[in-house]
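Quick one: structure below, then a few questions.
Each chain carries a letter (A, B, C, D, E and F) given by its place in the written order, and its residues are counted from 1.
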Amino acid sequence: MWNKNIETFIGCESSFEEAEIVLFGAPFDSTTSYRPGTRFASRTMRAESFGLETYSPYQDKDLTGIHVFDGGDLELPFGNTERALNEIREAAQEIVDADKIPCMIGGEHLVTLGAVKAVFEKYPDLHVIHFDAHTDLRDDYLGESLSHATVIRRIWDLVGDHKIFQFGIRSGDRTEFNWAKEHTDLHKFNFEGLEQAVEACKGHPVYFTIDLDVMDPSAFPGTGTPEAGGVTFLELLTAIGKVGKLDIVGMDVNELSPIYDQSGASTAVACKVLRELLLAVNK
Amino acid sequence: MWNKNIETFIGCESSFEEAEIVLFGAPFDSTTSYRPGTRFASRTMRAESFGLETYSPYQDKDLTGIHVFDGGDLELPFGNTERALNEIREAAQEIVDADKIPCMIGGEHLVTLGAVKAVFEKYPDLHVIHFDAHTDLRDDYLGESLSHATVIRRIWDLVGDHKIFQFGIRSGDRTEFNWAKEHTDLHKFNFEGLEQAVEACKGHPVYFTIDLDVMDPSAFPGTGTPEAGGVTFLELLTAIGKVGKLDIVGMDVNELSPIYDQSGASTAVACKVLRELLLAVNK
Amino acid sequence: MWNKNIETFIGCESSFEEAEIVLFGAPFDSTTSYRPGTRFASRTMRAESFGLETYSPYQDKDLTGIHVFDGGDLELPFGNTERALNEIREAAQEIVDADKIPCMIGGEHLVTLGAVKAVFEKYPDLHVIHFDAHTDLRDDYLGESLSHATVIRRIWDLVGDHKIFQFGIRSGDRTEFNWAKEHTDLHKFNFEGLEQAVEACKGHPVYFTIDLDVMDPSAFPGTGTPEAGGVTFLELLTAIGKVGKLDIVGMDVNELSPIYDQSGASTAVACKVLRELLLAVNK
Amino acid sequence: MWNKNIETFIGCESSFEEAEIVLFGAPFDSTTSYRPGTRFASRTMRAESFGLETYSPYQDKDLTGIHVFDGGDLELPFGNTERALNEIREAAQEIVDADKIPCMIGGEHLVTLGAVKAVFEKYPDLHVIHFDAHTDLRDDYLGESLSHATVIRRIWDLVGDHKIFQFGIRSGDRTEFNWAKEHTDLHKFNFEGLEQAVEACKGHPVYFTIDLDVMDPSAFPGTGTPEAGGVTFLELLTAIGKVGKLDIVGMDVNELSPIYDQSGASTAVACKVLRELLLAVNK
Amino acid sequence: MWNKNIETFIGCESSFEEAEIVLFGAPFDSTTSYRPGTRFASRTMRAESFGLETYSPYQDKDLTGIHVFDGGDLELPFGNTERALNEIREAAQEIVDADKIPCMIGGEHLVTLGAVKAVFEKYPDLHVIHFDAHTDLRDDYLGESLSHATVIRRIWDLVGDHKIFQFGIRSGDRTEFNWAKEHTDLHKFNFEGLEQAVEACKGHPVYFTIDLDVMDPSAFPGTGTPEAGGVTFLELLTAIGKVGKLDIVGMDVNELSPIYDQSGASTAVACKVLRELLLAVNK
Amino acid sequence: MWNKNIETFIGCESSFEEAEIVLFGAPFDSTTSYRPGTRFASRTMRAESFGLETYSPYQDKDLTGIHVFDGGDLELPFGNTERALNEIREAAQEIVDADKIPCMIGGEHLVTLGAVKAVFEKYPDLHVIHFDAHTDLRDDYLGESLSHATVIRRIWDLVGDHKIFQFGIRSGDRTEFNWAKEHTDLHKFNFEGLEQAVEACKGHPVYFTIDLDVMDPSAFPGTGTPEAGGVTFLELLTAIGKVGKLDIVGMDVNELSPIYDQSGASTAVACKVLRELLLAVNK
């Protein structure tokens, strides 16, 4: 009767070997300039996923029918951004090397950079689909080049022009919006133009990064920088369904901050987004 | 000047004798498998209803113009589910026997079973309209046949096939959705098909049960198991208006959990739903 | 390096002299009959505005490009309503006398009366556009003529019939709605009819008062009396854009109650509404 | 079975006629200059008293063995301090006229003035025992003579020098402490000197007012202005036992602010203080 | 690198085989009559134990130096009290049968009955040391014989007179205190008399049950029924040190309710109590 | 009337030139390994100091009678620990160079290192008095040499053996306690031995660093890592009085985390500690 206490996101109970997707947490938020706390997202989602069904009536699929391994959380050093990103990259590397899809739970959005580096090494033609309220395109922020506010710019350093497709964006400074006009495919406010972006990504390897604050604060208040004017959960669901048809080689969900989620509704919606993402990407 | 301190839901100050509708609370949540707390819904709604107007600009009706008696809360034993349901049934029985409409405030959704039993005894042709995020159609849950997750199945044991109309459903396991195809009239996600259901119920006695989590967590986060993808308050209002035209012989609102409602907005919307329900059902 | 610690709403760093708009807080909530706490709105908004960008992608304008002075908060006596209103009036008077636009952060909605009195003295043809969930048209409330629930009625005492345009209203007693039919231009629930109202106000000086609870509690739960059935943030944004084209001579945003805003999302949306309002009104 | 829903503080179920003590709430906090919210104390204590036993193992007495009537809450106008105090005075007058002891639940501390006025009229030799963290001896506060910060000074206007005995005081301005040296019997920090004060009050009618913030914030954080360095619950209990032996003709407990009491522990201790006070005063 | 995600209370990483003590959670609170929520104690303590050191400067011992296995949480049916207790008993039985000491994390206090039954079967001379704010000696509660309020009475049914030693008790009804005079060794308010009790238990097998609400709410507010007047953390620590010298054959800590612990300080103190208990009992 | 909005800690309104003490905030918490949030301490204390009196009845001194300048908060880069510490050092340097005493509000405890470096440069004989629950003596933490858990060790790198006096320590690993035996003067649990330490520091320049978690969580729950078993507020006050008599050349208070302080009582006690510290150090 008595076994070790294994905790996974609900329905993600495959072994590493049989898994197609490998889930792991990257509890890091040291560069968060406003309200920290996303470091607790992965462990909270794991615990609260108990309130979620494994079955999706939207996709008529079930987490028990696919193969996901949950490797728990990385132990990252706080305050040393470079080292933390390296550790994320190495973790993702092992997953990519095993021909599996890394699915990371942030943490602040900067963690995406670590995972993208690992994926990009294998897939130099990497395209990136980015759902977010924020541009994240600053070249530096408070003098730092590695920051939650610069992460997509750093990814652009890797993948180059016209490989990054941004949706839902409604916050940033003017220079970022202007810069985007020449270098990324930025869509303000919602998912208008997503079909064309999906079309453009067909046949290419795609990294899919979801900053959960792309949702309106009414649906997702529990985040460091809630930005009014976002998309609904159902709009996000539909968009995930479209992107999920692409050749996803890496993905993440970011920026849940449980301390600002007294009702638990933000954690619950984050769990559901993750379930739908896993089911949509699974082939 | 000094009288006993009588507390009612706002505007529900009739005597039992003159009342058409009898309001009471069923503070029970012992089978809640995830986050308990709905036991405090009725007393919190009563206290916070002070922030609500008695007048509805939607229906142009006023609670002071109809006759509702508020009998306070039942004192239910925690941990003994069968006994608690019997006490609910007996309370509802007295109301039904007096030719009045019971309107119960849960509590977890299982309390509905107690009230339905009382109503069904008098109205063997009982039809049930069920708004909820969850199917509640399991045959047993964690080995228990009496559970918040089985309540509609237990009601089906009484009323039988094709008498139960479910709306807004977006969570359950696959077997429940499949079972529903043959035994109930289940509508996923929203109120599509409600007109036909109302048509089908015309001329029959109807029990109307509202699990408030049918609303999206953006409108109603303060509940044990918030499920993204629900209906808006205005959609619920419109639906209540349609159902309210039927021959309602019993009704309830369930699953507000005040402890998860730091802002009070969930309690406030629950109060407003109750006001609109009372006004819609009153003839 | 070491200077005094000046705190302003983000981007509102003009001197009084060069400013077109003068921002100030009126931290008063003594007549609030239900849940007090709006006295902390202005200082909380100032502190939390640090999480907001100065640039609006909606209007393609930036707070750093316009001239707003932030004068901090008035120090108002609690419990003496008349004196508090006088002090608000005097403060607004100085702004109006300097040919600037006062932009007040409440506080409960009654503070509007103080500012309107100052503005009305200079602009006897004053028209008022009022966004709110509540009618605020009672003649007295709990025996008091000066109350958050009577404020628009008191303003009507000044400006008279057919000068007040109300939108989003969904709570009040029947007599208020009836009274409005003859004296104000009241629009229930949303912004239907706003274009005509804007047309009617053209060429007249306009005071624009926004009770933030005009928004649905899903978007703005952090307020004393949340009223389900309100407008979305984007609907409010569009409406502000339309009204902002008028000749605004005074304005305010009211009724944020930070203590009921555990996630901070209500404060964040209030800050964004204020940013958009400042940008829309600035010529 | 179905009766009106009567809510009392636990064990306070006597009729007005048979009662020796009459409990009532004075939900007023309009002059609170810092954090309002005490208006909700009485109704919250009534609801949460359900978690308390009626039996005191400290005094070996039981609330079911004494006679207390709970008259509910007064309906007070917010924002009009003078009128509110008059209504409190009238309510207390009726109790005093019936030869019963008024026991008021505040509200901010200013409500005490209303009750003391009623009691003083009958007992011109009134002595006052005052437990508090704050001096409350300002002559005016923000220009107002009626304020939570002036209440004991206003009572001194009535009863005069050397009739007021203050304990636990640890906050005020220097002029207040100096003024007290000539006019009241002020004891800093704790209950040192209480025996002598009790001795001095013997044979005189005594009004006993407890600002619950006399307790240390560790025991009682849920108040508007928590002041570190206070007494423990057990020290307060012992002190109540000593004062309770006097000829108490009126009493109150004040300044619980439920909104700052997330754990409920402050409300629970307030309920227990009230139980012990009722049992100690009862003869 | 990628292993399954094993979560234990900090420093409790032995295998079942090598362990002397077996830790497990019993997440059950269905009979809680006031505020439920203790079901989340064990998983929250496990997660938050990350903030605790394994080393105790009080005992100069380290969790890494003893052998504790953490078996995770039982999956208990809510609403069926008898079945839940049986499952707890069976789990404890397996531990006792393997000659190890069960250490259970509740849950409400009733869970103790399940564990005691298992232990008692092996040790018919079982003595019980009970730290609590509440007597828990009712014969039935709201008509139920199995309840958090009856648990020690039910244990008395097993072990008989003068085998139960109760400390810290300060809440109950008069009949319970009277009944205790003849049947248990009840010490009110604190640990006076503990040395004698320890003396009396020497040479006997002892079950040690700690209801954490024995601590004062200042130290431990996060519980369902906080009772002012309790012991400090350091007093509890000293008492645990004394009891830990006995022949402990089973033990538990109960009644942490994380939902009422916004600051996390109650969870932190519960974790530290558990650490000290494990270190004190380990030989 | 209309001036810029200057915000200071209450009573700290001197100019930089006339000030003896210069207050500033260091909002940094990037290396916090458990629960971040101390970055908001300084701004929250400034805002909430409005609830505090400037007069101390403990010391019979008043903040309005001494000279303190409040320079606001530094703008520190998150995620780059080295740069942040440099900026703190430079800020402190300017204060020390002007022959004033820096008084810093953290932030996590690591910020102390920046200020000590500045002070140490001027006073090579610097002694350090350290109140804390934690040893903070690790040589590295999670591989980082700059961390909240290593800060006192890094300070020892500067000042050397037997210059650091630690009090209240009750958490750390065994190696830290052992290391301290040879290198610092560490006192476990409370202030025993403080007189001797003060004696030893007489005639030397002293840096005084207070980690507020030296207080028991009952008095100060609002911190990242609450450690049961700490000192009371009054014990801390007495200790500050003793240390304040020394030649303090720099000081700080750290580790308030407002997000974990729902009641505000932790912020209030932090403000009072700061007031008493400023008054005690002022000559």
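Heads up, the rule we're going with is that a contact is a pair of C-beta atoms (placed from the backbone, for glycine too) under 8 Å apart; a residue touches a chain by one contact, two chains touch by 3 or more.
Source: prediction; values computed, not measured.
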{"item": "Shared interface numbering between chain F and chain D [over half = same, under half = different]", "value": "different"}
{"item": "Distance-maximising chain from chain F - centres being C-alpha averages", "value": "B"}
{"item": "Relative orientation of copies chain A and chain B, as a Cα rotation angle in degrees, nearest 5", "value": "120"}
{"item": "Separation of chain D from chain E, taking each centre as the mean of its C-alpha atoms, in whole Å", "value": "38"}
{"item": "Interface hub residues of chain E, defined as touching at least two other chains", "value": "35, 216, 218-219, 262"}
{"item": "All chain pairs that touch each other", "value": "A-B, A-C, A-E, A-F, B-C, B-D, B-E, C-D, C-F, D-E, D-F, E-F"}
{"item": "Chain F residues within the chain A interface of the complex", "value": "29-33, 35-37, 39, 75-81, 83, 110, 142-144, 146-147, 259"}
{"item": "Sites on chain A touched by chain B in the complex", "value": "50-51, 53-55, 57-58, 60, 62, 216, 218-219, 232-234, 237, 262-265, 268-269, 272"}
{"item": "Chain B residues within the chain D interface of the complex", "value": "1-8, 16, 22, 24, 43, 46-47, 69-73, 91, 94-95"}
{"item": "Partner chain A, residues of chain B touching it in the complex", "value": "34-35, 169-174, 177, 188-189, 216-219, 221-222, 224-229, 260-262, 266"}
